[in-house]
Every structure is written in structure tokens, then in C-alpha cells.
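What follows is a group of structures, each given as C-alpha cells.
Same chain, two partners: subunit A is paired with subunit B first, then with subunit C.
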Partner chain A sequence: MAIPQTNESSLTQGQINQLEKATPFWKIIFNQFIEHKMAVAGSIVILIFVIIALGADIISSITGLDPQKQNVSARYLAPFSTSEFSMDMKENEIEKWSEKNPELAVELSNFIKEKSLFSATDGQNPLIGFGTQDVSVVTAAIASENSASINSFKELTKTFTTKHWFGTDEVGRDVLIRLIYGTRVSMGVGVMVAIASALIGLLVGSVAGFYGGRIDTALMRITDALLSLPLVPVLIVLAAVDLQKLPAIKALMRPDNESIVKMFIILCFFSWMTVARLVRGSILSLREREFVLAAKTLGAKDSTIIIKHMFPNVIAPMLVAISLGVGNSILFEAALSFLGLGIMPPTASWGNMLNNAQEVIYKNMWLTILPGIMILLTTISFNFVGDGLQDAVDPKSIRR
Partner chain B sequence: MSNEIILDAKNVKKYFPIKKGLLLRHVGDVKAVDDVTLTVRKGESLGLVGESGCGKSTLGRTLIRLYDPTAGSIQFKGEDFVALKGEALRLKRKNIQMIFQDPYASLDPRMTIGQILRQPFEIHNILEPSQRDKKVVELLETVGLKASHINRYPHEFSGGQRQRICIARAIALEPELIICDEPVSALDVSIQAQILNLLKDLQKKFNLTYIFISHDLSVIEHFCDRVAVMYLGKIVEIGSRDELFKSPQHPYTQALLAAIPRIGEGKKKIKKSLTGEVPSPINPPSGCAFHPRCSQKIDICSKKLPQLAGSNGHQKACWLYESETP
Partner chain C sequence: MTTFILRRLIQTLVVIALLSYVCFYLMTLMPGDPVELMIQSNPKITSEDIVRLKQLYGLDQPAYKRYATWVSTIAQGDLGYSRTYRVPVGELMGPRLYNTFILSMLSLLISLAIALPMGIYSALNPGGKFDSFVNLFSFAGISIPSFWLALMLIIIFSVNLGWLPAGGTETVGMSDADYFTMIKDRGVYLILPILSLSIQQIGGFVRYARSAMLEAMRNDYIRTAKAKGLARNVIIWRHGFRNALIPLITIIALSFSTLFSGALLTETVFAYQGVGKLVYDSIIGNDYNVAMISFIISVSMVLLMNLVADILYGFADPRITFN
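Moving on, here comes the complex of A and B:
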């Protein structure tokens, strides 16, 4: 074994600077993560869903679809069908149009009379009588004409029909746009619940792990007690609690998001325990790990040890727990909404879409299948991502 | 080796409380280290040897103040080391360092070697940040690694290389005393020799003092100047290596030495082999803790605790020799 006799480094400062740069740890994790094919597929699916959820308003304004807009004349339409406004809806729209453009309306009325496109009965406005016919009839009658009034009217009649790629639900709302808005609610609740409960768990777990003794015993018994509760019945009871009576929470809520805030609070309360146990366990074992002892003998402060050694080693299992937790939260949200206790209509969520569809499960299967597929896809994707992360962040499995 | 005493431990005890039940009632103690008195001279290598669970690692960790001693005093270079607290202890720590048994657990898996070896300087704010990398490279080369290893992670190294990194970290702050807690027991035999030689070379170069904890008698024989034999939290015999290996006096030491397999001795029957298990440190036997397993026990052994006694720096705690030293 040769040991250099001098204490001088054989390298100059310049050479040292040229040494290969350290691969940052996140890059190692990333390289391992992309080896897990299903996890990559899962993250792509999640990414697409996130983009859709964030862009829901843009999609709505481009397509003209409105998740709240009902049309009782077009209930339970099959996928790829086109709906038309009912007579009174058309009448309303035409009246609005005439009020806005009185000259064009008069011009068009005269035009209809001249060409006798519509034989009005007494007292009937020929314009409304003409316009409320089937859209196909109306467009055929004025297709070849070309004037300011007619072109404007053509634009109006176009809005009378809507293409429903995924059909319509029990009150004639478009299923596609409701699924898109549902993505926002369901994934939003899922991700927020997972992150918030991870933070609660981190706090409880690290306090228990650091201080040990009676604090640890007390906190862990509470955790065990909550874990031992049968979740679904408790969630059902809690979902029936009226949070409006609590002033602190009332300030957070607007009437339209009440059920979402409530869902969030209830799910958070019941999903921090796994993370708390995980963090406590990691910190307990880290406290006795030799590299922590070595840092201590070097004279490191407690804060240095926590920030430099404990935190990076706890954050990795926490990331895994968060990604697995998202899938669970989405499932719970869907389950509660399905039971009619979660997100309240008219706000769309995958769970309450399923709830609304249960009466027509045989007749209009797509209403149950579509939200079901969404739930399945997201949950599976998050689980695969969690799985991939777990493999990637485990230092023992690191290979190059 | 000078006669200057660098570490002087008197009557050091380390008990771990056993707590039971919901209210964590104190029901007993694990007496891991029970009344150990020990001096370490500057520049020597003191071996601590004993069976698993005899408290040698706990003693090491207590001497370095990873554990607070339950009782007793530890003086480091004439200064009370037990009374130090907080910031004063933190600053004093750089004079005593430790090398741990498991080289796989003693390096943070999420830090590069450079980050690990820069840490001592960052903690004590030694050297300009720009000079630290140069110093780290020096350290790496001192322990026989390459400068190009600086940006790698611990998982890219073998056990022997990792132990070299741990040694580099331990000598970074130029300590006077290094406690080696079974530094080679997790390594292959060929690597063991390299690491031991490296430790020897560093001792000469930096005038280091070692407390060398091991259960491997041949490693102790190769490495140490003086040897202390521990049994159930107590030192039963302490003396220079040559004397202790040539004429072991405590029956426990005799049994330990007899159990070393020697090449060329054939199937010689081991006469003084140990039988039975190490008793529980929660309720150690009365009198001499070794008496239930001792082949030469006499009446007094189970009644009264023998004290370390003897001349010439060779001391033993055994009633068989009590008459020799009135």
C-alpha cells in the first residue's frame, strides 16, 4: 500500500477545477426513474391530466361548452351525437339577438315575409316562428342568401346545436366538459390532500422521532387510534357534519366551494398517519445511523445534522408516500362523492358524476364508464409513479 | 511513545435505562459499561477486546461523548471532558474523532465524497472555501484514494475504499485521539491488512493516539501496544501486548487466547475453551461477573467483586492473584 510521502496535493487548483462535475442527486434519481417504463407512462398521463385541469376554462371558452349549461331536450344523448336547443331556448336567444340588433331583426323579418319562408299564424312573430324550426330546415332555407342580417342570423343558429363527443347526462350537460372540470376538482383535492397530509405527517413524525419518550408514545398512540378507525363509516358520519357552524372554517369557504373545502379537511384528517409513522421510523433510525454520529463527533450542530443529513434522507420516502397518497385520496373523494356525501352538484367531480349515473347504468353505460376510466387511469398512474420513485430514491438500488 | 497521559477515564459507568409500560416506568438498567478506569498515553494504541455485547463499543462512544456517562470522570489532556456542554463541547470534539465499524452506514448516501470531506472544515469554519477542495484532495491522497474520486457518491466505492474515506474524514481536523470502533471487522482479510497498515502509517505521520476496539485478537496483537480485556462492562485485565499475550493471567483472557486458531498446531484440544453464554448485563452475576463460566473459580469469586490490581502496568481483576499483591 503506497502512501504519498508528501502532504502536497499532486493536482494544481486548475486541475481540480477540471475534475468531472458531480452528478447532482436529483439527476441520479431522474435517470433511474426513467428506466421504470410504467412510471414514465404514468407521469405522462398525469401531466396530460394536469394540463387539461389547468386549461379547463380555456377549453370551455374555445369549444363553447359550459359544464353548468342544462338542456332538458337533450338528456342522455349518446356519444358523438349533436343536440339542439329546445323551442323556448331558441326563442330566448332570438329575442336577445333582436334586442341587440333591432335593424337587422326588422330586415330579416321583412325578408322572411317577402320570400314567405314561414307562414305565421296570428300574432306570431315570423322571425321567431321561422328561427325556432329545426336548425337543418332553417339553414337550408337561408343557405344561399347573403346579407348582413342573414349572416348574423346564421352565426346565431350555429350556436343552437352542440356536438357532444361523450354524450350528455341526465339534465343534458355535456359529459366531456364535465369530465374536464371534474379532473380539476378530483385531482386538485387528491394532490392537495396528499401534500397537506404529508406535511402534517412530517411534523407529527419528526416531533415524535426527535423527542422520543412520552411525547413519542402519546403521538404514536393517537396515530394508532386514528388508523384503527374503520374509515368509510367515519367519513360518512363526518361528511354529514355542517362545517359552516365552525367560524374559523367558514371564513375559508364560499358557498360554491364549501363541499370541496370540507372534503379536503376530512381527508387530510384521516390520511396523515402513514406519513407520520414513516417519518418517525426514518428519523429514529437516522438518529442512530453512523454517518449522523460521525457528523456529531465532528462537532456539527443539531441544525446542521437535521438540515444536511436527516432532511434529505427523509424527503425521498416522503415523496413516495405523497405520490401513493394522491391515488388514495382520489379514490376516497370519488367514493364519498359517489355516496352523495362529498363534492356537491352542480360542481362536477368524477365521483358525483358516477353517483348521478347509477340509475341509468344499463341504459347509458358511458356515463359510468367514462368517469370510471378517469379514476382508474389517474389512480394507477399515481401508483406507478410512486412505485418508480420508490425504486429511484432507494440508495441501495442505485446503479449506473 | 511518551508517558504523557492524553485520556484519563475514572470509574466511568454507562447504564441504559429500561422503560416499560404506558408511563415508561423505569424498571432496570442495562449496565453496558460498569466502573471502567482507563488511561491512554499519547502516541500509543490501546486495544479494547472482548466478546460481542461486553460493552466495548459503548465504552468507546462514552469516551467520545456520543453517550453521556452515567457516572465517572473523563479527562482529556488534563481537562474535564464530561463537564463540557453545548458550544464548548462542540468545539472540543475536533480533538477526538471516531472511525465506525460499518463503512456502508457511516457515509451519508446522498452526499458526494467531496461534500462529506468538506464538512469538517465547514463545521469549524477552517480554511477559505476555495482552499477546502485542495485540502480534500490532499486528504484523499493521504489515505490512498485518487483526486478524481471527489465527485463520486459513496455507493460507487467498495468497503475498503469507504473505510479509507471515513479515515480521511476522521483525520481531517488533525485530532490527537482517534477511537477506532472495529474498523476492519466488516472488511475482507486482505483489505483488513491494508487498512491496518494505513492506520499505522498515519499514526507515525500525525503522531496519533488510537483506542482500537476489536473482537479479533490477531488484529489486536498486530496493531496495539497495550491491551485491555473487557467482560460484561468491566475491564478484567490490562497490560502491554507482549506480556498479555505471552502470560495471560485472568482465566477469561486465558480462555480467549486459547480459542485463537493457530496454524501448525493441528487438532490440539482446546483445554480452556469457554462454555455457556455471556450473562445478561441487566442482572450481572454477584461477585466476579465471570465466575459462572470460570474453570478456576474459588469460593470468594461469587461473593465479592475483585478489583484491578497488579504491578508493572499489568493489572488483572481476579481473586486468584489477590494474595500476590497484598
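Moving on, here comes the complex of A and C:
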């Protein structure tokens, strides 16, 4: 807060009150944070993605797009193109419609014969023959007509075409809706891994820092050993393992979330180390502070001292670590899914949408470009937010 | 110093040994052991055959006994046989290690050659236009998925422009050509992998170079040197840069771990025949002998580089003692 550069007498009572009121800690951080333009931009992007991820089902029901729906007659469509059902899919739909509305179907067949809109060959149902033509032909033929049967049929033919803003993939699924559902999986895994591993790190770091001695040495040896491993090869080995063979983990898994749970466990196992070191460092210095000594003198339990007196002091740096961790987790999830070892199809994630990108490049390069842009946007946003938080909680670290 | 190096060396070896056992155990958890694969490919196999085969391969033994057998064969110099490539593992590893070495060293050198001047320049002119560009670039570098960057380079340079091959290590049949043609040929295949590895590494290095240089230039002796009236170049290079180098050496040596991780993905995307691709292919293809050896070699390389980093740190900064 800027202090006005005037002598005291010229201050109004309101200004004095404002000056005397202490700014709460979170507000200081917030004010610092919004100074960092890229961090603010990053948080807006993240907010939009969170809304998209939470509203994926709503978006799907409004647009009528289904992430799982395949259409082999419309593979590799370019962005902004429209796909049509294949002949047999149309036939199926028309048959379903006629079963539902038998009288409308009879009326429409008679109408088609009357106006000779379609010359049926022997044994062919004129309704199906007419309806399975190109949608543009059908709508042009009945555009000016207006009756109950035709209006209902018009509604039906409308569902035969789908607009694909981002095109379709190798089995004709809509890329846009898969990206939207992928946001849910990829960001969900990223955020959950970051939070869970921060909690593990908090536990390990505080135990090591508080008790010191042999416990500290042992825990930090493990931390350092894990930190020094090249992550991608190690993660690949772990991801290739059939975790179902481990009974403890089997209980957590259902067939539909198996790969997500597995990814979560593996990534958590390798992301807690930075937080652990950070927390240990702060706890080591906090241990020597007077308020801890005071709590000890008053006979507080170890757990009380750690949780009540030390944790509030490490929350701020942990927030930074979490937001930087989300970006990393998303990157690792994407890399493993890209290699075919992460999130398994048909569940869409940004990484597994890139799974056979190398072959697909020549057919439709947008299939490769779009999921990557989503990953890049999300990770860069989280990294900027982490940077902004870092500056906010520790003004000494601001880039000068 | 010697005791420190010895102690660290023993620690590293212990980690490698532990890790190799963990890796061995994990491999037993992977779907499809050799006998299972034989059962799949041969429907006429009887249950007695299966028992006999399991005994032959030692698969009826617990994991630690199999590990002991495996270690003793390794100790005798027998690295095993690759199921996929039909050659001894030792023969397979040599050229792969060479390929990965060339790829990672070249990209490390190139990214350092670009990142250090960039970082130093932006540290000397903080807050300027170039500085904010460097900031944005380094954030993009650390946030971009490495495999996607590689795919984008393929789209631009191979699919659209058609300048460079989309993947591979060398043109088939080139090994008979004379030396210079061969180097030229391999160079063409190296450009895109190196580019994609370097772009990411520059992102990380620039950040560290900038902050190390900023930190060094804020010291009191820099002010003293300025007050003495020393030339700007002398201040920057002899007083500033030399001190900025200390943290940089560690960062560079530690970056081998990420370099190797990145190289695995890059090699896979570009079908470049290096160790990283071998690790991936052998794990996917249930080629256990190759997977174990290549994994252990790659992890050991990284751990040894970390050790080298610690030792170099002591040489770069005489104030550090190893006690």
C-alpha cells in the first residue's frame, strides 16, 4: 500500500484509519501477485480450463457431441468441416424413427411416393432410400414443405450431420469434445498429483526436519536418491508394470479408472521430493525459533508443534511448489500417455490423443497440433502462476 | 577429498545395486514373461511343457534367487541375448550408446553456446526488451512437452518444407560410403533431434545463467572493481562470470538427468537408434535382458554424472571442503 507523501495534519480521518488498519497476509500476497501480469494471465487461462473441465458434460449435452462416438465414414476431417452419417447409420436411425412414430412414417412414405421425390427400386423402402441420400439433397427436397411428419423428419436429418470445429480423429471422433474431456483427465491428474505429493512431501519433510539425526539422514538419503534418477526411463518401467499383481493397489482400481489410478500413484511416488526438501529446510530453521521453544516449554506435543505452529509457516512456499508441480505432472502424464503407457483409451487425455501422432501427421496435422497446444498452454500457465506466487510470498526473489 | 569421492562412489554403487534389484523385481510384474509368450504362440503346448520350460528359465524360483543368478551371469561377462534383435546384448549396446552420446553432447554444447550469452546479456540489462523475451522463451522452453516439440519440428521441416528427414539415424546402405559422405548423412538426421533437445535445454539454462550472473554481479567486490576503475569487460568476465560459473557447473552436470529423459522421448519420436529408444522398445517388446542392461546403464550414467558434478563443484569453488 502506498503511503501518501503529505504531512500528517493534511490526512483525513478515513485515510488515517486506512493506514492504521493492518493488511491481512493473504491480501499482501494477492496485491503482489496481481502485479505479475503473466501470472494473472496464467490464472485466467487455468480458470477457463477448470470451467471447461467441470462443464464437460454440459457442453457435451448442449452440442450433442459424444467423445466416444465413432464414425468411420468421417475420419481425419479438417477443422471446421461437417461430417455426415454413413448410409447404414442413417438407415438405422430412420428405422428407429419409424418404429417410434409409425403413423408419421407411413404419412411421409406416402408423401414421397405422391411427389415422386425418390424412385425406389424393387423391394426398397422409399423412406429409407430417400432419407439415406446426402443430407443436402434431402433438406432441399422437403425444405418448403410443412407438416407434422416432415417437421419431425427434418429434426431427424439434422442429427445426421455434425459440425466438427476441430475436425475428427482416426476413427471419426470429434476432436473438440475429446479435448474438452481430456482437459478433465489431464488437469485432474496434474492437480491431484501435485496436491497429494505436496502432502507426502510435507509429511516426510517435517518429520525429517523436526526430529533430525538418523531419521533425517535416512529420509534425506532416500529423497536425494530418488531426485537423482532420470525420471522418464524410471516412469516408463513403472508404467509398464501390471500393478494388478500388487494386491494393495488392486483394491483401489476399477476397470474404468485403472489407468488413471495407476498414473496417479506412479507420478505421486516421484514428485514429492522437492516439497520434502523445501519443508525440511524451513522446519529446520523454524525449530530454532522462540515460538517453538515457547510451545515446547508449555508442554505441547510434537504433533501439535508441527501441525499448529510450523505448518502455517510453510504453506506459502508449498503453494508455489504445488503450482509448479502441476505443470510437471501434466507434462509427465502427457509423455507417458503419448508413449502408450499412461491413460488408456477410450478415456481421452491430451497425451493419449497424441498417441499415434507420428502416423497421423500426414493425414491431418491438426490432430497433432491441437492437444499439444492445450498441454503447452496449461503448463506454461501453471508455471507463470508458480512464478507469480513465488514473487508474492518471497519478495526478495523478484527478478531485478 | 579422496575419502569424499570414495564415499560418494560407494553410495552411488549401492543406489545402482538397489535400483537394479527393484527394476528386476518390477520386470517380473510386467505382463507376459518369456514362457507366457511361448504359450501364446504355440497352442499345442502341454502343461508339463510349461512346468519344464519354467524350470529351464528359472521362472519357478522367487525373484531374489533369479536376481542372484542374473547378477552372477553378468559378473561372468555374459549380458544375455536379445529376443527381439537376435544378437547378444553387449553387441547391441555399443552403437546405441555412441548414438546417444553424440546426440546429447552436441545438443548440450549447442544449447550452452546459445544459452550462456543470452543469460549473461539479459542479466547485464535487466528489465529490457531482450530480458523479457528471454523470460518468455525460457518459460516456454520448460513448459513445452518435448515429444510435441519434436512432432512440431517434423510437421514444419519434414512434412511442409520437406527439407529434412522425419526420423531415423542414417540412410540405409550409407555405411559403405566414404567417411565424409557418411558424416554429412548422419548430420542431416541429427539436425531435428538436436534442435528439439536444445530448445528445451536453452529454456532451463538461460534462467539459471541469468540468475547466477545477476547474483554474482550484486557482490561487493564487483562494486569495488568498478570503483577501482577496471574495464567493464574485466569486471564482467573475470569478476562476475567466474563466480557465476560455480552454480552453473552443478546445474549443467545435473541437467544430464533431464537431458537423458528428454533424449528418450526425442529418440522415440525421431526413431533415432539410441539407448533411450532401446530402453523404451525393449520394455514394450518384453525384451527383458536388453531392458535391464540398458536401463541400468542409463541410470548409472546419470548417477555418475551427478557424482562428477559434486566433485567439479569443489574444484570450481575452493571455499568448499568435502567433510
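Before moving on, here are some points about what is shown:
Simple rule for what comes next: the second predicted complex is superposed on the first by the 348 of 400 C-alpha atoms of A that agree within 3 Å, B and C clash if a C-alpha of one lies under 4 Å from a C-alpha of the other, contacts with A are read in each partner's own complex, and residues count from 1 in each chain.
Rule of thumb we're sticking to: contacts are C-beta pairs under 8 Å (C-beta built on N, C-alpha and C of every residue); 3 or more make two chains touch, one makes a residue touch a chain.
Source: prediction; values computed, not measured.
Residue contacts after overlaying the shared chain place A:D242 against subunit C, while subunit B stays out of touching range.
Once the two complexes are laid over each other on the shared chain, residue contacts for A:T368 go to subunit C alone; subunit B is not touched. Legend: residue contacts after superposition of the two complexes on their common chain; A:T217 is shown touching subunit B, with no touch to subunit C.
After overlaying the two complexes on the shared chain, residue contacts for A:Q358 are found with subunit C alone; subunit B is out of touch. In the superposition on chain A, A:I150 makes contact with neither subunit B nor subunit C.
When both complexes are overlaid on chain A, the residue A:A294 reaches subunit B alone and has no touch with subunit C.
Contacts of A:I28 after superposition on the shared chain: subunit B is touched, whereas subunit C is not.
Contacts of A:N313 after superposition: subunit B is touched, whereas subunit C is not reached. Look at A:A335: by the touch rule set out above, it reaches subunit C but stays clear of subunit B.
Residue overlap on subunit A between the subunit B contacts of one complex and the subunit C contacts of the other covers 400. Interface of subunit A with subunit B (complex): residues 1-4, 7-11, 13, 15-16, 19-23, 25, 28, 213-214, 217, 289-291, 293-301, 304, 308-309, 312-313, 395-396, 398, 400.
Note for the complex: subunit C touches subunit A at residues 15, 19, 23, 26-27, 29-31, 126-127, 135-136, 139-140, 142-148, 151-152, 154-155, 159, 167, 211, 214, 257-258, 260-262, 264-265, 268-269, 276, 279-280, 283-284, 291, 295, 298-299, 302-303, 306. Those residues of subunit A that touch subunit C in the shared complex are 38, 225, 228-234, 236-238, 240-243, 245-246, 327, 331, 334-335, 338-340, 354, 357-358, 361-362, 365, 368-369, 371-372, 375-376, 379-380, 383-384, 387, 399-400.
Residue ranges on subunit B touching subunit A, taken from their complex, read 22-24, 61, 64, 66, 90-91, 93-94, 96-98, 100-102, 105-112, 114, 119-120, 123-124, 133-134, 137-138, 141-144, 147-148, 150-153, 155-156, 166, 169, 173, 194, 197-198, 201.
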